[in-house]
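What follows is a group of structures, each given as structure tokens.
The following pair of complexes shares a single chain, chain A, combined with chain B in the former and chain C in the latter.
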Partner chain A sequence: MQKLGDFKLPNFFNYPPYFTLQPVKDTREKQIQLWKELILDYCRTQKIFIVEPENFPLFTNSGIERSLSHEAREVFLSALVSEGRAEWMDKGHRKCLVLWHRIQDWADLVLRFVKDNGLEDSVMTVEEIRSGIESRGTELYGIDRTVLMRALKLLEHKGKLAIFKGTSADDEGVKFSI
Partner chain B sequence: MRRRPGIGGLQTAAAARDQYRLLGENVAKLKMDLMKEQLATFRSQLEDFARKHKNDIRKNPAFRSQFHEMCAKVGVDPLASNKGFWAELLGIGDFYYELGVQIVDICLATRPHNGGLINLEELCRLLNQRRKSAREAVTEDDCLRAISKLKVLGNGFEVISVGKRKLVRSVPTELNKDHNEILELAQANGFVTVEEVARRLSWSSGRATDALETLLDEGLAMIDDGHRDGKRRYWFPCVSSISSFVGNETL
Partner chain C sequence: MAGKWLPAAELTGSGRPVLHQGEVECSLLSSVDLECEDNPSSSFPLLKSGLLIVTTHRVLWIPPEGTTAHAIPLAAVSHVFTSSSSSKIKKKSIKTMFSSPRVRFQVSVTSEGRVDERGTGSMVMTLVLRGKNSDSDSLLGKLLEAWRGRAWESGGGSGSGKFDGGSSSGGLRMPVVGVAGILRKEQEMWESTDKSLQDAFQDLNALMSKAKEMVMLAEKMRLKLLSGSNNQGSVANDEDEMGSKEEMQDWLLSVGIASPVTKESAGALYHQQLSRQLADFVKIPLERSGGMINLIDVYCVFNRARGTELISPEDLLQACSLWKNVDVPVMLRLFDSGVMVIQNKSYNDEQVLSRIKSLALKPEALRSGISASDAAIMLGIAPAMAKEHLLTAESKGLLCRDVSPDGFRFYVNLFQDINLDDMYLVKDHSAYGAWRWRERERERASICEQSTKRLQPGVNVHTSLLMYYGNHAELPIFFPALETKC
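The block that comes next holds the complex of A and B.
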């Protein structure tokens, strides 16, 4: 089994035609499905939030000398975007934010994190949530700041917390009130 | 002078005919009884045999296939009906029905990948993988038997021979001779190019392209433009081992 870092690659990754966008509808749908699952799986296990389509190791298999075309990369990522599992970060589609958990799911993870640590009425900085001692070993550890802020804003909207600004962007704080 | 038939002659003839008929009936009855007796003996012997080797029949694929062969030779089809002593004795009907259902499942699950054409070998392997929990190993012979039983459901399933291999078709695609020859050619490397088809089969490249495009449309082929020689390759998942490429996550 071929590996990319410590990631175990699926078998189709070694079948050359999966690196050429298939012209027949049914075959193409199956192909897109497999790639979508692979991208999400890979990003989840490697904790990758931002994918640059033109510079993403998963899109090349040197073992069989195949690499996805520009068009194919765009198609697979756009398929994720249309399902709400990714978002283009710029008009030129040079960067893509991959949401292996939807924002709603991230928000739920934050809530569970708060409850597990008895922080229901506490104050934390955004940085602490991302890299503090409490979050070590949880899925929140190392979360992309943009994604975390989106989840926090969602919770703020629901009245579960209040975000307040510090003197710089680095020390935004959160007051939980769950 | 010729004697005209009198009433007495007619009666004698009728009586003789009756006698013959009676005699004939007796003989036929005797033969019939004898045959019935033989059949009963045979049946009980076969039952004895089946009962005695029940476990072997269920567990040992080679034995099972020999048993089927024997049954076929004496004109008994243990699969013909799910009722009767075979079913009660061996559950053998159920065994093949179960196999049939699993085969349909596998064919459907792999269809998006192989276009509804699957290698018998491959099918058998997936079947065994899936039945891991079940005790009995399943052979290609069993697969073929189960597939032949699926025929009663219509012409959905068919086994076709392409070169050395047997492929199981689960879509109503008609494969013509050209398509079969291409599939046979593709068995060597798993793929072909238009050029290769034209050269090896002495076809015009138009004919090769046509046939390949049809196979592509049917979902039996996938294109690969990524090789560095720049020539488009047509891959056939049905002749390569699919689970070594597309894992069993789909199953």
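The block that comes next holds the complex of A and C.
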């Protein structure tokens, strides 16, 4: 089985037409579906949040010497964007934020993390949630800051916590009240 | 029944007359009535508004329905009433000025009243021109020219069909006796061939008038080749020679249209008649190319066969587009890409598609796809058309494309075989399974190659395979194949 890093690639990754944007409607729809799934799978296992379309290892297969065209890269990522599984981070579409968990799912993960660690009424910094001892081994470890802030804001909106400015300028604190 | 009075004329499948050897069309006119002047009350049938064709041998009349045609051999015509006499009739009264122009001629008939060159009696036939712009003078001129040309008499020894019953050859010739005779005959033949070649190339006009003889010459050469290959069948085992002979025959055959429809002879009926002639002509090239042929190829072949009477691409296109209105077995087809082809009406896309699919499932094609030229070779058609077929197969979801620096290739469509819920699942008895199998073979081959290069002799290739695949459950099934591979 072919691998990209420690990611196990499916068989069709060696199928040359997989790397050419198909013009026939039905075939193209299936192709887009397969690419969406593969991108999400790859990002999930590799903990990749930001994809640069022109510089994404998954879009090239050196084994069969095939690489997606610029147009195809844009089409596949845009398909994820239109489903709410990704967001373009700039107008030029040079960076794409991939949400292999939706923001709502990330918020649920934060809640479970808080409950599992008995932190219902404690205060934590955002940085602690991302890389603290408690989060080690959970999906929250190494989470993209933008994604985490969006999840926390959603929870704040629901009254589950309060975000406040910390003493140092670059970190914010979170007061849970579940 | 007109058949009782007039000999019948054969028609081709698309309603064109079947011409005798050496016969050439001179003039075509539509909406012409054929009347018999002497016995209007008799049982001579009403032949109303048909297509009239004057050839060098006959006057043909084809009814509008185009089922059975009638012919008056020019040999049976004993007199043609010239324009002065017909204009005298015109001047007789005002009434006749408004009536349709007529052309009259006298034919020999047998005692039963049947038109025949050996007949003793006579009868006056009248052609009534009902068409709007029909020019009776020009028709009369053409008729007179053809009649006075007496082409049916100078068959050149090749015979002119039914009129002389094939008994003309050898009538007036000097007897050929002994070696001297043979030599003289040979000499004569060379001289006459040489002369006709020289005459033909003197100037373009002469070439045009010699075109018919050139066609006959080609026909003769073909027959000679045919008989030659029969006689020396035991000696000429050389396949190359046979092949070149066949090719030569094809070339000579393709010279073939003795009486091309021209604007001059057909006038307003030009495109309609051209369309019918083309429909008859494309049958053989179509058969040879499997039921579909490129319009450009037809243009070349058709014009080559017409010799000097070349047609323009527009004329060809117009002739093809007229097929919609006529009952002919061929049709013009326009592909999405704009490529135009001629195909049999019975032509079936499904058949080609299933052939393409089986091509795409061949081991070689599974591994590296098929290009338009691969398909062209395997289907025996032109690459441009093979590409059209591949694109059709793609649009039906049979194939999908691979565009890379290596070129534009097609693979069998595996997308529908891939399971979205489990991307790693491959069903063995699907195209996907077959493809994966070939893919594995390729991988194994490259590993074997690397191993034999890198490893010292004696080191087991299996070890490196195990390193590559890990302890994968599928590995054992590779071993038998491996023993033979490496």
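Note that in this section the second predicted complex is superposed on the first by the 175 of 178 C-alpha atoms of A that agree within 3 Å, B and C clash if a C-alpha of one lies under 4 Å from a C-alpha of the other, contacts with A are read in each partner's own complex, and residues count from 1 in each chain.
By our rule, a contact is a pair of C-beta atoms (placed from the backbone, for glycine too) under 8 Å apart; a residue touches a chain by one contact, two chains touch by 3 or more.
The structure displayed is predicted, hence computed values, not measured ones.
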| item | value |
| --- | --- |
| Clash-or-fit label for the pair chain B, chain C on chain A | clash |
| Touching partner for A:Arg66 - first (chain B), second (chain C), both, neither | both |
| Chain B versus chain C as contact partner of A:Pro23, first or second or both or neither | both |
| Which of chain B and chain C A:Phe12 touches, first, second, both or neither | both |
| Touching partner for A:Ser177 - first (chain B), second (chain C), both, neither | neither |
| Which of chain B and chain C A:Ser122 touches, first, second, both or neither | neither |
| Contacts of A:Thr146 with chain B and chain C, given as first, second, both or neither | neither |
| Colliding stretch - chain C into chain B, listed as 21-29, 219-227, 291-299 or 399-407 | 399-407 |
| Chain A residues contacted in one complex by chain B, in the other by chain C | 10-12, 14-17, 19-20, 22-24, 26-27, 30, 34, 37, 65-66 |
| Touch list for chain A against partner chain B, complex | 10-12, 14-20, 22-24, 26-27, 29-30, 34, 37, 65-67 |
| Touch list for chain C against partner chain A, complex | 369, 394-395, 397, 400-406, 409, 411, 413-416, 418, 420, 423-424, 426, 432, 435-436, 439, 469, 472 |
| Contact set on chain A toward chain C in their complex | 1, 8, 10-12, 14-17, 19-20, 22-24, 26-27, 30-31, 33-34, 37-38, 41, 65-66 |
| Interface residues, chain B side, partner chain A - complex | 112-113, 115, 191, 216-217, 219, 222-228, 233, 235, 237, 240, 243-247, 249 |
